[in-house]
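Next, two complexes with chain A in common: one pairs it with chain B, the other with chain C.
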Partner chain A sequence: MNEHGVQWRANRALRHWRLPLAWLVLLTALTVGMAELESVFRWVEADSRQVIYDRADFVTLLGRHLLVVSVASLLATLIGVSAAIAVTRHAGQDFLPLVAQIASMGQTFPPVAVLALAVPVLGFGTLPIIVALLLYGLLPIVRNTLAGLQGIEPSILEAARGMGMSGGQVLRQVELPLAAPVILAGIRTSVTVSIATAALGATVGASNLGDPIISGIVNGNTAYILQGALMIGLLALTVDSTFERLTVRRISR
Partner chain B sequence: MIELFDVTKRFGEEAAVDAISLRVDSGELCALVGTSGCGKSTTLRMINRLIEHSDGEIHIDGQPVRRFKEDTLRRRIGYVIQSTGLFPHWTVARNIGLVPRLLKWSPERIESRVEELMTLLGLPHEAFADKYPDQLSGGQAQRVGVARALAADPDILLMDEPFGALDPITREALQDELRELQARLHKTIVFVTHDMDEALRLADKLVVMDAGRIVQQGTPLELLREPATPFVESMLGGDDRGLKETSLVRVSERMQPPGQTLNAKARVHRDATLRQALAVMFREHADQLTVFDDEDRPVGELSLQRLVGVTRHE
Partner chain C sequence: MIAALVAWFVADLVSVAANRIVPGEGVATLDAIGWGGVLAGSLAMLAVAILGFRPNPRKYRAALIVTVTMLMALPAVLALAAARLADSDMPQARLGIGPGFWVVLFVTLLAMIELRTRLGVSRLNGWVLMLPVVLSWWLCLSLWLAPLALLQEFRGRSDQFVSAVLYHLALVGAAVGTSLVLGVALALAMRRFPTLQRAGFGVLNFLQTIPSLALFGLLLAPLAWLAANVEWVSTLGVRGIGWAPALIALVAYSLLPMVRNTFVALSQVDPGVIESARGMGMSHVQVFLQVRLPLALPVMLEGVRITTVQAIGLTAVAALIGAGGLGGFIFQGLGQAAMDLVLLGALPILGMALVADALLGALSERLRPGGAK
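Our next item is the complex of A and B:
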């Protein structure tokens, strides 16, 4: 490929990823430079002695937040996609109604309740929040994977089998690629919701971006709350817009 | 060669296919015709084991189909369906190369085979290879479907209403192409349709089904001349079946040596059907036609009497 082509591709990629990049830059700037905004927060919270949350630096909080969300989402994706695949196979079809029902109903169950149930069993710390996020994050993934797999035109599957593809070949080469946009949309919902919900972890002793918020509520410091909320919001926007670009790329081949 | 011996398929209590026996010889095109729900597709899909038969035996080249592994069997049998079932996320070339890839042919061999097939089916490689199925017309998509079925050069082809969704003109064009293809390739074909004219045009052997049973089988002419039941007769168009018969007989089969008086305008090619000859007579108000050959030489004449078979001794 010539130099011109390389540059053209780089330009296109940059244009394509402009929005997620913008959010990422903002997020990074805020993470390292929160203290620079002291005057702004001073204006919000004029009476407090301190306006910048400093019990842990934002880099650490962001890192812990990301870790919890990543572990939970990764597990949720693995388990959710596998479960949906299993119940759409011939051998697992007896469980399809059950799983489909749980997946569509489970979303009405509030994450706080999941957390409240998890703490007595798992104790305080990072584990209960991961479990809560995992359980809650499973639902959109299972639901969307089921919808994606079941939404494939039957004639395509008939042709695939009729041509002599094995079950595994049909799954890998036909079903998953065709269902991918819908599955990806489910993962996107799951991850975005997890990023917001993970803040609840601060209430059970898992330190992350929820800390400033909880601390702000406890101490009546609006500036702390704002800082936590801003960080979580920017993180959610960065991840969500990244997924959005990924989905668009897939659909337009 | 495909043989069915007393094959039955039950869905629950109901028999969708009821003890049918059928033999399709190598190189023969057998058309299954019947009203909707009579079990045509079920019969077809039992041959490549997309549906397992409940009773009886199905043999391919003398071997019971159950002796083969399903995938192995299906890779040896071409399968074409009405809605094409092309993979929307694959290019035309990749769709066509599916079975050779499953059979682990080398990439070069697959590529040249795909090109060969696209040429065979009138799809220029440069124009179509990288297109996606949603960029094709119905007729083009169905050609790709046929090419995909032919890719690994199977002896047997199963076609389930392959041209059913196409407009009449495209359908006829594809029927003609299939006929030419079959004249060259001599596949053993089972062809499901509910269009009787299509079946008459294409079939060496015609099988009429009703409610899961075979009502009559034979050559198109045999069925047209002696339909076994009123149902077969009505399937063949009732009184119209005489006219359908004229589509199956060539002028050269009925003409006499040329006489003295040659009519310049009322003329017909020796390979035309009697139906076309009849149309010329009607148009020219003539009861006698001159028959000519490829070099435009008069080679015979055809009278209305001979056309309708007054002198036939059959």
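Our next item is the complex of A and C:
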């Protein structure tokens, strides 16, 4: 490939990822340079002495938020996808209605209620949040994986089996690739909800990006609230637009 | 069922605390309800497990009867434990519900739902099935379960509780009503002007991505500013905290499912049906009101269902910005480390969400053409 071609492909990749990159740049800029914006926040909250949240710096808060969400989401994806695969195999078919029922019923549970109910059982701190996020994040993943796997036309599976593929091969080379967009959409929903719910975790003693908001509400400091809200909003937008681009790419290929 | 059996023996059924502040002390099932109770409970669980082993409809029906009986007996178990453990020296004593009880309750409920689907019990019969269970719970709660911490928490603030429930429902109702009107209008406008469609869905998707806590926070500042600087806004009672940001955020979140479902519902009506209605000499308005709308209604109601369930949960978060409602109990309880107060807030929210989901789901099924009448 000549140099021109490489350049063209790089350009196209850049254009493809433009939106998530833009959000990411904004997020990083805000994380590092929150102190530079002091005058702006001073204008919003003229009465308070302190206008920049300083109990922990924003890099740490963002890091903790990301850690909680990614641990919970990774585990949820692993468990959810394998559970959905297990119940669509012949051996696990007995449990299919049960799992589908739990997945669809569980989604009517409000995340706040799940978080609140996790505290009496698991106590305060970061661990209950991870567990609550994990449990709640499982549901959309399981549901979408089930829908994706069941939405494949039986004739395709038949053809694959007719070509002499083993059960594992059919799963890896036919079923999973075909179901991937739907599964990815489920993971996207799960992660978006997790980011939002993790912020609520600040009320049960975890320290993350929800912290500035909560302490801003408690102390009546609008500047704190704005800082936390902006950070969480940008984080959610960055992650969500990345997923969106990923989905588009899969479909266009 | 095996899990329930394990929990029955290992985990603490209830906890007893001398008063509200002291953390409860676990009590195993055996000590709580004595040998007879343990034996009866184990037998019932074993029976369900065995009945589920080589399934046929008759066995399922028997298992269903056993599970319903178990659900009816569970509050009695609590009452028994309360009677055995209650100490006349400590009138302040509270009975907390332990993890063992929760697991048993959860597994039994799951078993009942599972059996109900396997037997293909109709929705109405399913509700009839729940009736004795609800009755038994209510009876036990009102007669014998006075030391239960949850109940004591409730008695301490029953007026507050009722008003919180009503307020919660009012907020949800207002949000769903507003978004229904706005959503349908938006969907109609999008059908008329296709250019609006892309932009509209873009904005609504964007709003949906912003986490609730952040949106509440972001609304706080401009609303506070408005209230401070524009007179008629503040006379309406709009303030940076309170119901105003909550309602705006709830409507913002509700619009996407509402608009999407209305739009899809109106678009997917078979063009052939519209054609023949037109052919019968119906006017545009008639076609819309008598053909398109009724056919689209079930899918639109699905949107209302999603929106309502979502709004019930989000209203709880809104308590953080002073909007009141049941979320207030949750956050108050978390703040005081009073878990029974948290439960007092969380359980009704859960119940409301489940009931709203079931009712609206049943309604949209009934309205579906050719659906159950």
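As a convention for this text, the second predicted complex is superposed on the first by the 253 of 253 C-alpha atoms of A that agree within 3 Å, B and C clash if a C-alpha of one lies under 4 Å from a C-alpha of the other, contacts with A are read in each partner's own complex, and residues count from 1 in each chain.
As a working rule, a contact is a pair of C-beta atoms (placed from the backbone, for glycine too) under 8 Å apart; a residue touches a chain by one contact, two chains touch by 3 or more.
The structure displayed is predicted, hence computed values, not measured ones.
In the overlay built on the shared chain, the residue A:200 is in contact with chain C alone; chain B does not reach it.
By the touch criterion stated above, A:174 is placed in contact with chain B alone, chain C being left untouched. With both structures placed on the common chain, the touch criterion links A:109 to chain C but leaves chain B unconnected. Contacts of A:166 after superposition on the shared chain: chain B is touched, whereas chain C is not.
Look at A:156: by the touch rule set out above, it reaches chain B but stays clear of chain C. When the two complexes are overlaid, the chain among chain B and chain C that reaches more residues of chain A is C.
Annotation: chain A has no residue touching chain B in one complex and chain C in the other.
By the touch rule above, chain A contacts chain B in their complex via residues 153, 155-156, 158-166, 169, 174, 177-178, 253. Against chain A, in their complex, chain B makes its touches with residues 48, 50, 70-76, 79, 81-89, 98-99, 102, 132, 148. Contact residues of chain C toward chain A in the complex are 99, 102, 110, 113-114, 117-118, 206, 209-218, 220-221, 224, 240-241, 309, 312-314, 316-317, 320-321, 327, 330-331, 333-334, 337, 339, 342-343, 345-346, 349-350, 353-354, 357. Residue ranges on chain A touching chain C, taken from their complex, read 44, 97-98, 101-102, 105, 108-113, 116-117, 119-121, 124, 192, 195-196, 199-200, 203-204, 210, 213-214, 216-217, 222, 225-226, 228-230, 232-233, 236-237, 240.
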